[in-house]
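In the two assemblies presented below, subunit A is common to both, partnered first by subunit B and then by subunit C.
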Partner chain A sequence: MGRFVVQRAAQAAVVVVLVTIVTFLLLHALPGGPARGILGLKATRIQIEQFNKTNGFDEPLPRQYWSYLVRLLHGNLGTSYKLNQSVASLLVERVPKTLLLTAMSTAVALVLAVPLGVWQALHRHRVGDHVTSSLVLVGYATPAFFLALVLVIVFAEKWPLLPPEAPQGTSISALLAHFSGLVLPIVTGAVTTLAAFSRYVRSSVLDNLAEDYVRTARAKGVSERRIVWIHVLRNSLTSLVALLGYYLPVLFGGAVVVESIYNYPGVGLLFWNAAQQSDYPVLLGVVLVISVATVVGSLAADLAQAAIDPRVRGALR
Partner chain B sequence: MSAATDSVYRRFLRHRLGVAGLVVIVLLFGFCFLGPVVYHTNQVQTNILAANLAPGVQGHPLGTTDVGFDELGRLMVGGRSSLEIGLAAGLLATAIGTIWGSVAGYAGGWLDSVLMRIVDTGIAIPALFLLLVAGTIVRPTVGVLIVIIGVVSWLVPARLVRAESLTLANREYVLTMKALGGGSARAIGRHIVPNAIGTVVVNATFQVADAILLVAYVSFLGLGVPFPGTDWGGMLSNGISYTYDGYWWMIVPPGVAIILVVFAFNVIGDALRDAFELRLGSR
Partner chain C sequence: MRKTAPAGGVPRRAEQRRRPSTAQLAAALGTGALLLGGLSAGAATAARAAHASRGGTVTFAEPPNATPNAIFPIATAGNTAAYNSAIQAELYVPLTFYDATSGKLAFDQRASVAKTIVYSNGDKTVTVTLAKLKWSDGSPVTSRDVQFFFNLVKANKDKWANYVAGQFPDNVATFTIVNPSTFRLTLTTAVNPLWFSGNELSLVTPLPQQAWDLESANGKVGNYDVTTAGAKAVFNYLNGQDNHLATFGTNKLWKVTDGPFALGSWTTGGAVTLEKSSTYDGPDAAHISSVQLLPFTSADAEFNVLRSGGLDYGYVPTSDLSQSKYLESRGYTIKPWNGWAINYSPYNFNNPVLGPTLKQLYVRQALQMAINQPAISRAVWQDEAAPVYGPVPQSPPSPYLSATQKKNPYPFDPSKAKKLLESHGWKIGANGIMTCKSAGSGASQCGAGVKAGTVLALHMLSESGSTQTTNQMEVMQSELASIGVGFQASYAPLNTVLSETAQCKPSQASCSWQMSFFGTQGSWYFSPSPNGDPLFASTGSANFGSYDSPTADKLAVAATTSSNPAALRAWSAYLALQLPAMWLPLPAYQVSAIKDNLKGVSQDPLAGQTIQRWYLSNG
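So, the complex of A and B:
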């Protein structure tokens, strides 16, 4: 296990370094380079040259990359062009809100997807399996912005049960105080991810049912219900947890769309607005945080899975 | 047709939903590519005098758009770009992923590590961001979108094929071929890829479905096919601005078309997976 932890952590470290190299190069590929990012759009060319000289941005790229890394390690992600605020402080403000929304819609999706996937596996190729699979697939095939529109028309216009917009507020408690405004964003996020999870559970349960340990359990007289809900589900869930780690960028992509449609004040909306306004320091800061979170998330998931399932330790990706 | 492909074919035909999906795809392709031959409309010049017409008015069966394009004809033109981009980008992603994954899995050792860490890095960086950056540097055309979407989507097939290739590389027939002096290129081209073909084909159908969805999102972000061209996602996000005017005919047809085509490719993929008797964990 120790060897696995060290190896897997080393892999993650390499990926983090690669991610910083990519963001560094993108920052430099932009017109004006990092000086624009720090001085803002109104800086003159002389100011930029002066800035480059005093800050060492006329030095060779490898040395500059090193100082970029040092700045990152000090939590300095640059300053927004538009919002007159440091990227780091923007992220501190916005990340918890996106975590809240994404965690809730992912939780809803999982709570529905796990029992559904198991039920489908047990009734595979029967009418119920086909009908539910198809319904879930329609949810997957619907672009989130179209789904959101339909939901708003039905549940906010035709029958005004829910507000069409997410609550606004600076604190988490302010957002939760108007929970009804969170319902449509949560549902939109959940519907589009539900299919991925339920299909995963369905096929994973089917795969597990063909394993030798199931045959052994059956031979020992363990009830079918116990085999499925205790033995098989435990194996399926551990691999589902591992999948979640890798799923973070997809969830973030969903957050960008959902937050911008419902005007929810999270990282997704921040990213969306930054993209509209070419606010590169913000874009790069968000990307860096999401990427590192993905690497750390999948590392944590893999280690958790390895702790539970010894077979994983052998098969290092 | 060999016995193996024959039985895959028969098993596919037994899958009714998959066959229905295939029929839908054929019909949609016919509609988009042959439709304009029969149904002539002007999809280049705008006509403000005929804007926002309801279905049926002035001989427009599905009405007209905000700048006076015939909606039915637009659906054909837009579908053509959506299907072209989706199909080509999905296949491009599958091709890159297959080569990358089979080389990594077959080679093993340091080359495998290097190749897979690059894949991990690509997975960690949100595709949406790469699309945005690319969109600011190049003007999107159908060709450019194919390349961009293909290049951001090859990572999942690379992982799947690599896992497959890892087990195939140690099969006796591959080891025998190597012992007889066969080269790596021959091993990958003649043994690894053909034996992983089920995984590759099934994944390709899902890739096409995802690419068509991704095109819709790209258009929603405003980086889609430029005017006067369009795609279903572009039509949809354009129509959404007129929701509160009640112009449903600008929203429902492209929305339904996207759902239909993505759904159809997914059920075809499911049917193929059953036909190849695959166990693809993640999909």
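So, the complex of A and C:
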């Protein structure tokens, strides 16, 4: 197992470096460069030249990348052109906010999706299955921004039970202290992922119910409840865990809409805005974090699968 | 305050000013006494405020996805957005403050440190007398504080975002302190006093020399700024402190202020609270106790909070203007905030394909006559945009607007536009687009440099993200098609548009752009004196399309140096006729929603804010 982890970590490092190279090259292939956009219409040629010199854009691309790598190895991710803050401080502030929001909405989605998927599998092709499938598909098909606007109009305006925006604190404790403000963002995020998870669980449970071990268990007189909730569910969850591991970057990206509508400045929105504003240091910083999150997520998924499934554990030895 | 929008942040040259003010006649003219005599609404406002409740907190929406990020009044690259300078002006009173909310451009003395500005020696000497103000540490605001600013920008002009070669501080030969409340500038050349006071002195903010003349956090206050090396060190130290947003609220440097407000808090996320200064003893004290400037991740996020009544002063996205009645029923007044600006789409005269065609005045005339600006304003912008006919803002009324521009020299007339093209050798081909059939420079030919077979099909690179802008492009496509001109728009983020709309030579790959649009919130915001030499002068830094007219250059120079507004009117008239760009409707900078009980708000076309004049009404 230890060897497996070391191998995967080495692979991850290579992947991250490759991602930074590709991102760096793509950014610098954009026409025009960031100077005019950052400095505005009224910037003079001298100011633009000064900006390019200060930020090393007048140097050859390999040298620029090398300088970036050297800074990176010293823990320096650079400074945002637009926000007048270091990229590290931006990430420290924004990543936990996005993680909190995505973790909570994912948890809510899982708590609902797992039993729902199992129930649907057990009642497959019956009216209840069709109705719930239709409902979750409606949720899945509803654009997050539309759902968010409807929720705000209903629960913040029509019946002012909840705030129309997320808490504005900068620390996790400050956010949790105003939990009511998180309810609508969490619900919005959960609804859009609920359908995907529940459909996944449903089909996985259905597959497992057709396995020989289920027939054997039934023949041995194991109760149906035990078969479903202990044996089938455990086997079904291995694939869901793998899905979650690879879902991490999607969750980062998917938070953009929720962050935008609910005034919740997280890392998804940070990336979006940086892309709009050619804020290269921020773009590279966020890409780096998401790359690391992706490889770590996939590694964690493999390890979790091994913990759940002895067959996987055996394969890793 | 929301004025950052156009072009990724309008530099403070165009922004560092505030709003209308008192019934004070901004004095003097005489031997050059300048002052755009501004009788404004301030006295009446003050009287009304006297009957209103004092104190209270006002919540104000910052522009979407724009967070204040600098407090040091000498702006460096990237920190020039209007919301920064608006906050800074509440903390550090600028030397001269101009506004136009009274209906005309006016010097707002109450919001300025300068009391009088006198020009002499043929407009080559400027003598400024300061009003009686004091810093929050008890020291008086003196000429030395102005000199401190001057020394810092002079030694660090390469870092000052507002620096333009040949202008301030280059055009100041000597700075002389006459006495603590008077200083004199000897200029290198005679200037137009209106331009110098409005566009140059308004960039100056007296800084607390007695507290900020430091080279390091642990050093002692000195007179380091009097040497170039010292001024560089002081600037580096102060600018370095300006890069630590998280410490703005606690840094002792930023506690020394002379404005009507003091800094309460400033979060890295962009939430800023200003509190009424307890030490301000000037004539423009704040009425409210505090104002909270709130950041928003998007216009939708802001609008959600606005609909819920969570803001005293917000804005309505143009796409949501249909909900104005609902907001009014919730106690808001809806008011467009119009800027001292123009909107245009530059032509690339150096484009290798269509450059020679666009250089033909008759082509530009035909294109302009094909654009129905009033209809676009009405249908696309829901009447929240005003037609533009030339290089000077159409409103508010000013002595700079020529009669030629005012009356619109090229009104919408598609049949005349089509005939104009046809009379110069263009014919509509099978694809419905005009093609040059008669090359040559004769009166009935396409014009010098235009090759036979040239197809009059334009490509527009437009900023993305606005439904209204996209709709406007579609209307323009339809209108231009009606005269046989092809028009195709592609869209990119504003920064990309600005980056790609660069001056170029025909041989360069970067010269492929033909037209561009970056004016969803207005293309160009002016300083009080709308000298547009960066825009359409042959050497202008913002002359993106490489427009080249010796006459326009001469007129721009005259507008800078002459004290007679007729010089700017001549520039206005000439360029209104010459069409260096396609004029397009100017959308309101923002459509504001202001709570009915929030009074004293005036939306200055010059983009400033005078929050100190806001007050809450009981009734």
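A few notes on this one:
By definition in this document, the second predicted complex is superposed on the first by the 245 of 317 C-alpha atoms of A that agree within 3 Å, B and C clash if a C-alpha of one lies under 4 Å from a C-alpha of the other, contacts with A are read in each partner's own complex, and residues count from 1 in each chain.
Criterion: a contact is a pair of C-beta atoms (placed from the backbone, for glycine too) under 8 Å apart; a residue touches a chain by one contact, two chains touch by 3 or more.
Values in this document were obtained by computation on a predicted structure and should not be read as measured data.
When the two complexes are overlaid on their common chain A, residue A:Leu149 makes contact with subunit B and with subunit C alike.
When the shared chain is aligned, no partner comes close enough to touch A:Ser173: not subunit B, not subunit C.
In the superposition on chain A, A:Gln11 contacts subunit B only, with no contact to subunit C. Contacts of A:Val22 after superposition on the shared chain: subunit B is touched, whereas subunit C is not.
Once the two complexes are overlaid on the shared chain, A:Ser278 sits against subunit B and subunit C alike. Look at A:Ser291: by the touch rule set out above, it reaches subunit B but stays clear of subunit C.
The intersection of subunit A residues touching subunit B with those touching subunit C, taken from the two complexes, comprises 145, 149, 153, 275, 278.
Those residues of subunit A whose C-beta lies close enough to touch subunit C in the complex are 30-47, 50-51, 79, 81-85, 89, 93, 145, 149, 152-153, 156-157, 160, 163-165, 168, 170, 259-265, 269, 273, 275-278. On the subunit A side of its complex with subunit B, the touching residues are 11, 14-15, 18-19, 22, 26, 130, 133-134, 137-138, 140-143, 145-146, 149, 153, 199-200, 203-204, 206-207, 239, 243, 246, 249, 252-253, 256-257, 271, 275, 278, 283, 286-287, 290-292, 294-295, 298, 317. Here subunit B touches subunit A in the complex through residues 17, 113, 116-118, 120-121, 123-129, 132-133, 136, 209, 213, 216-217, 220-221, 233, 236-237, 240, 243, 251, 255, 258-260, 262-263, 266-267, 270, 279-283, going by the rule given at the top.
Across the complex, subunit A is touched by residues 6-11, 13-14, 65, 67, 69-70, 77-80, 158-159, 161, 163-165, 242-243, 245-246, 267-269, 271, 294-298, 300-302, 304-305, 307-308, 310, 465, 493-496, 498-502, 510, 518, 523-524, 534, 541-542 of subunit C.
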